[in-house]
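Alright, structures below, take your time with them.
Both of the next two complexes hold subunit A, though its partner changes from subunit B to subunit C.
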Partner chain A sequence: MSQVTSEQYTISPYLIIFPLYVGMVGVGILTYQRRVMEHAGYNSWVSLIITGLSMHLLLWMLYKILSSIEDSRDIVAINHKLFGKWLGNLINLAIVLYFVLGAFVKFKVYVEMIQVWLFPSMNFLPVSIVILLIVYYAVSGGLRSVTGIAVWATMISCLSIVPQVSLTFPYLHPMNLLPLFNHSATDILLSSKDMGFEYLGFETLLFIYPFVKTPEKSQKWAHLIMILVTLLYLMILILAFMFFTEEQLLHTIWPTLNMIGIFEVPLLQRLEYMAVSLWFIKIIAGISIFIWAACRGMKLAFHFRPRISLIVFLAAITVSSYFIIDHRTVEWVSKMYANVGLYFIYAYIPFIFLCVMVRKRLASRATPANE
Partner chain B sequence: MELRSRTLLIVALCMLLAACGDTNVVNSIKFVQTIGYDAAKNGVTSSAVIANYEEQGKLKLEFYVTESKSVYDTMPKLNMKLDFPIEYGQLRMALFGDSFARRGIATAIESLIRDPKISARAHIGVADRDALEMLNIAENKRDPYFLSDLLEQNMKFGNLPRMNLHSTFFNYYGSGRDFFLPHFTIERDEIKLDGLALFKGDKYKVKIGVTDSFLLKLLLEDSLNGSIMVPVAGGNQTRQEYFLMNSIKSKPTYKVIRAGYPASIAIHVNLKAQVKDVPQWIDLTSEDELALLEKSIEDYCVKEIQNLISLCKSNEVDPLGLGDLIRSRSKNWDSRQFDKHYKELTTTVVVKARIIRTGASG
Partner chain C sequence: MTVNKKTDPKEIVQLLQQLKQSSDFQTIQPAVGDKQLSISYFKTMIDERLLQSNVILSLQDRALDSDFKQLEDLKTWIPIEDIEITDQVDRIQAKLLRGCAIASLDQDAGRYALIHLGSIEGLRKNNDTENEFSVVGPKVGLVEDLDINIGLLRSQINIPTLVVKEIIVGTTSKTRVAIVYIDDVTNKKYVQTVQQRLERIDYDVIFDTSQLDQLISDNSLTPFPLFLSTERRDRVVYALITGQVAVISDGSPYSITGPSTLFDFFLSPEDYYLPWVLGSFFRMIRIFGVIFSLFATSMYIAVTTFHYEVIPRDLLEPLIFSRRNVPFPPLLEVLFLEITIEFLREAGARLPTKIGQTLGIVGGIVIGQATVLAGLTSNILVIIVAFSALASFATPIYKMSNAIRFLRFPMIFASSIWGALGMFIGIGFLLVHLSRLTSLGMPYLVPIHPLRVRDLRDSFIRPSYQFINKRPGYLRTESTVKYKPGKVKRRNDLDRE
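Here is the complex of A and B:
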């Protein structure tokens, strides 16, 4: 399988930060505080830092995996090399489905958010179709157009979230963070695990990598965005901890939106509604990057035309989101996705990393012997 | 042809947009702007003030009362009396009657905060009689937001500490904290703020006056406003006289001396004040007499703060969040343990007052 990606489809190394950002930060940033603090309470900002560090390790592994074997620079080819055609393709199919599931969760959670905050009694089928048509448009343009949307999404999100959240300053009670360490190490690690879910999405790199012009140079940018995402999560988490008391946060379903809503600006009385609407482009970008990865996987592994698999995936998402209507099922699906995702990044990636390293060691030992 | 197809496309897209929203035209819905809750025999009486925007600039307030089993079915019950669907996204004020507040308001405020339509900045308050009666008077004001504007104004420029739905919830769920709400009374057929209602859990326990509410503001935030009358005695005066002190800025600092039981806390308040209206025998240009005024402010505030704290202790309410302060300094904190020892808690209060403005003469 030749891996040369022609110049006109590649993106510059620094552009990698945009698809990675929209992949990682989704609707989760509006609700994650409650999930993260379940075990470690108000000490869980420590857990967040631990998770952030582990993500850097995984990212480093990803780059090692993708750059170690000459001519196989995406996960499909690596799976073929390591496990053979059949088993390899089985794993590839699982990865593709995993990305489709990720796109579905992103989409459905956002739709739920609109239903709760903006239009409770709205018929969602036409809107889903409109949303997914935009996704179709973005993905059929290839990675470059997906990256283009991601740039806008990142800019909007940075321009809106940070100032909005800092409007809460007069209501902060720094005392809430004290005492600093009153939870056990186990609790803190359990919270770290829950936090891992919020980082899912950077593994799209497994498919993006060959599309980066001089991919080795993009590693520092990928680490940079990882640091920024960790800082963003950390800032919003600590602000929420100072804004809500522990018990109150457990009763709050959308902490970030409630924080935004405390401030009154002229003309716009309810800032949180604007935030929900601004989120739209972010979600489009997030879904696009996942769907793009899935289509790419289908093409590499099974030689499906991307246009066809794109239509199939989008139709599947529309239909299943039409039939799944209650919150409990959505919760269940996203829990499942979170669990699968955690195994994917914490078990599969290190495993592949080991395999690739062993293979490389064997190969380097074999070569001098041949000479 | 080109143009026509483009127009068609635009029209089609517009229809797509219009199909999405739940359209709400302002005069085909009923805005509930203020709502009152009273305890009834078996359930709750709710009264809603609804503004009717008949013509531009003209406003008629309508008043609807309904009885229901609990606060949850207030809105559906009210809908039975209305010709247009009810909307409460603009709800700014919920008022609780005295007996309702004493019975506990948790269900009511929880249902308010759970609704994303209701802003966390909405106000809640307690009336010294039935909310129904008080809202009837508010109705004469021809302003659906009269009560919430009254509160807002007094938090900004008066003696009330900052409160809204969010801060009430913060204190309600916060461990080692109790919330407080503004308290209304009626004087000469006018609504009047006369202090704060202190709550224990979700039950109304005791009322404090306007002076105490200023002290609470002093102890909780940087009171940029608010004024109290301070007694001054000195010189050859036999009768005690009062002068008016305006707070310009203040900063409270708390220090935990001992977190174990019985706990001990030191409170230090830095107060910058303006004094303008003083008894005639005081000369505001004299350094000594300013020092005398500062001393009287300090003594008076310390004495009154100690009184306020002992009032809180004897009623087992904790609006200052002293329990929370102890919590933040101890590894294992148990609210029941703290409550048991709350009465033994000792506080030392130091107030440093500085008069930085004395009106025109200073």
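Here is the complex of A and C:
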């Protein structure tokens, strides 16, 4: 397994922020307010900050894991090193499936959003096929084209945030935020756990890492985007707090979109129609990055041709999204994905981190003995 | 250069036999002293006055007082610089077909002197730009002759490092194609790529550089032009000094420059001749025009077909009022008008200027007015379509504005199926496609993807000359600085002398 990635496929270190951003921020940013405040209420911004900090710790661990072992700079090789061929490949398969599941959840949640907001009675098979064709087109161009669409998605979402914030201003009630602390630490931590779901996606770094030119330099960028994402979540959460009352927010499924729906600009009103459509670019970028990671994993672990696994994954997503229709099942699947994801980042990554550290310590102790 | 086996003769006799079939191939046999010289040429390819005065006359003059012994004597006897003596058949053939006369002595069979007598009559002398106008700035354009074009470029890039590499492309036309670049600026990788691709071309006749553009482009499955083609000298020179490679070919007034980015197509030389504030403003207007012309009509369809809620109430009334009598769905309505505009453009492009103007009035005003009166389209739509057609012509490079007008149609269809979502599906395809495109191996979307913040300076706006003294980083040029920016002159104090 060659670890040297040819120059023409690599991306510059700072470009890492785009795939990480679209990986993390998905449809979740439109709905997370309700889920986060379920336990901690208006204090959940504290939980959000706690989650953000924990993510930095995990990101730091990721970089340690990926840079510690010479000549194995992606998770597949690391699993092989740590757990041997068979067990390692089993874990690799699980990781690949986890990414496919992530792509599926991203896709399905977005399709549901279209159903709710744009076309309630629409046959979704043609749309799904077209969407996944775009994903195919993006992923088959390699990480570079995936990053390309991620750049656009990031720019579009950054541009859409500015009017969102400025247009909400007249409707805000800053006093809503008071009192500052009226929930217990347990509640706040429970909310933090719920918030973790919104950060899932940065673990694609496990596969992107070897594709970064001088990957060590990308760490500061990765941390930067983590800070920015936390700030973004924080800002939108606080905007929602100041916009809705606590009771109202608990019963609002799409707080961000409802906020957008209030605005009126000279030529358009009901901007949420445009926002839902605009979100499309971001969603295909997110799906692409997950599917790319999955295909890469299949290639490294099982020597599958990426094009074939790409087609298989996309076909699987199309078929299953055709059969899974009702909202409860979708919710169940995304809950499951959230749980798996939380275990993945909070249990698996620290575990691997420990293993790698121990291995490194042993190796460094072994080498002087040889001399 | 690939050689056509069937028509390439091996023997000189065979070649002459082939050539004698044409009635413009002539052989004259003037006597020079006691030797019999025979000169053959295409009378359509050479300047016959030159033959009379410089060859035959001077030969006879010299024969009076000295002795003509061998073919080599021609070099000293004839006052023409470009004389070559060879016995290679393919060389003789090539030269003969490029306006040389061949001379041979009877007793020295097989060896020929190639005397260049070529003329470039019949090409236009006027080198004003024909299609890319500007109000401010030079109006010098390239012409159909390669040598004049190279001269034009050299007269503005007055340094010895301007390199012109000539190669022959086209199995039938054997067109001279020149690769032009500045040696200590341009990245050699791009020069090599262009050269390799040009040498690999197997094609019969090269009429225009646009064909080369397609033959050497990275991806032929795209509506976007991957090389910038221009007839303006200032544009080519600007491309050369920023570190791009230019390709010009004989017989074409257009040069192609590459590697180019999407942004290059929306820059106009005029941006740099106007004060930077105005230059930036016009550039932004142009970019806005492109976006508008791409999405305006598909937005109209999306909104009127699916999302009536998006329109504010005050606007809804005039919109419904204007669409009340229209019997078609928005898609047909839009297609009708868009295709009318395309007809007008296509007809106008082929007609002489005066008829074109009349046609514009008939088409634009009469048809537009009549369709609204007849209730075939709503007048709001006429406004939108006319606006977006106008906006698409604001793009300075014709090929790019074609691409943009073409792309409107898929957008229109997508948004007629899935409304705003369809429109963004179209945009999604477009963005993925754009991020996959490369020009000579360089990403087409640079400096947006891969993002290069420093190079973004001269993209959406045209900054003051102080800030654009460096060549774009994405071209990976061998020297980065174009010129040293002058110090900003600022008065320290109010009214201080």
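Note that in this section the second predicted complex is superposed on the first by the 369 of 371 C-alpha atoms of A that agree within 3 Å, B and C clash if a C-alpha of one lies under 4 Å from a C-alpha of the other, contacts with A are read in each partner's own complex, and residues count from 1 in each chain.
What we mean here is this: a contact is a pair of C-beta atoms (placed from the backbone, for glycine too) under 8 Å apart; a residue touches a chain by one contact, two chains touch by 3 or more.
Only a predicted model underlies this, so the values are computations on that prediction, with no experimental measurement involved.
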First (subunit B), second (subunit C), both or neither touched by A:S160: neither
Partner chain in contact with A:N89 - subunit B first, subunit C second, else both or neither: neither
Contacts of A:Y14 with subunit B and subunit C, given as first, second, both or neither: second
Partner chain(s) touched by A:V116 [first = subunit B, second = subunit C, both, neither]: first
Touching partner for A:R270 - first (subunit B), second (subunit C), both, neither: both
Per-residue touch tally on subunit A - higher for subunit B or for subunit C: C
Which of subunit B and subunit C A:S320 touches, first, second, both or neither: neither
Contacts of A:E246 with subunit B and subunit C, given as first, second, both or neither: first
First (subunit B), second (subunit C), both or neither touched by A:P179: first
Which superposed partner A:V130 touches (first subunit B, second subunit C, both, neither): both
Common interface residues of subunit A - those touching subunit B in one complex and subunit C in the other: 119, 127, 130, 264, 269-270
Residue numbers on subunit A that touch subunit B, as the complex places them: 116-117, 119-122, 126-127, 130, 171, 173, 175-176, 178-179, 182, 244-248, 251, 254, 258, 261-262, 264, 269-270, 272
Residue ranges of subunit A in contact with subunit C within the complex: 11-12, 14-15, 18, 114, 118-119, 127, 130-131, 134, 137-138, 141, 144-145, 147-149, 151-152, 155, 264, 266-271, 273-274, 276-278, 280-281, 284
Residues on subunit B engaged by subunit A in the complex (per definition of touch): 16, 19-22, 89, 110, 113, 116, 119-121, 166-167, 169-170, 172-175, 177, 324-325, 327-332
Parts of subunit C lying in touch with subunit A, wherever the complex brings them together: 306-307, 309-312, 315, 418-421, 423-425, 427-429, 431-436, 443, 445, 448-451
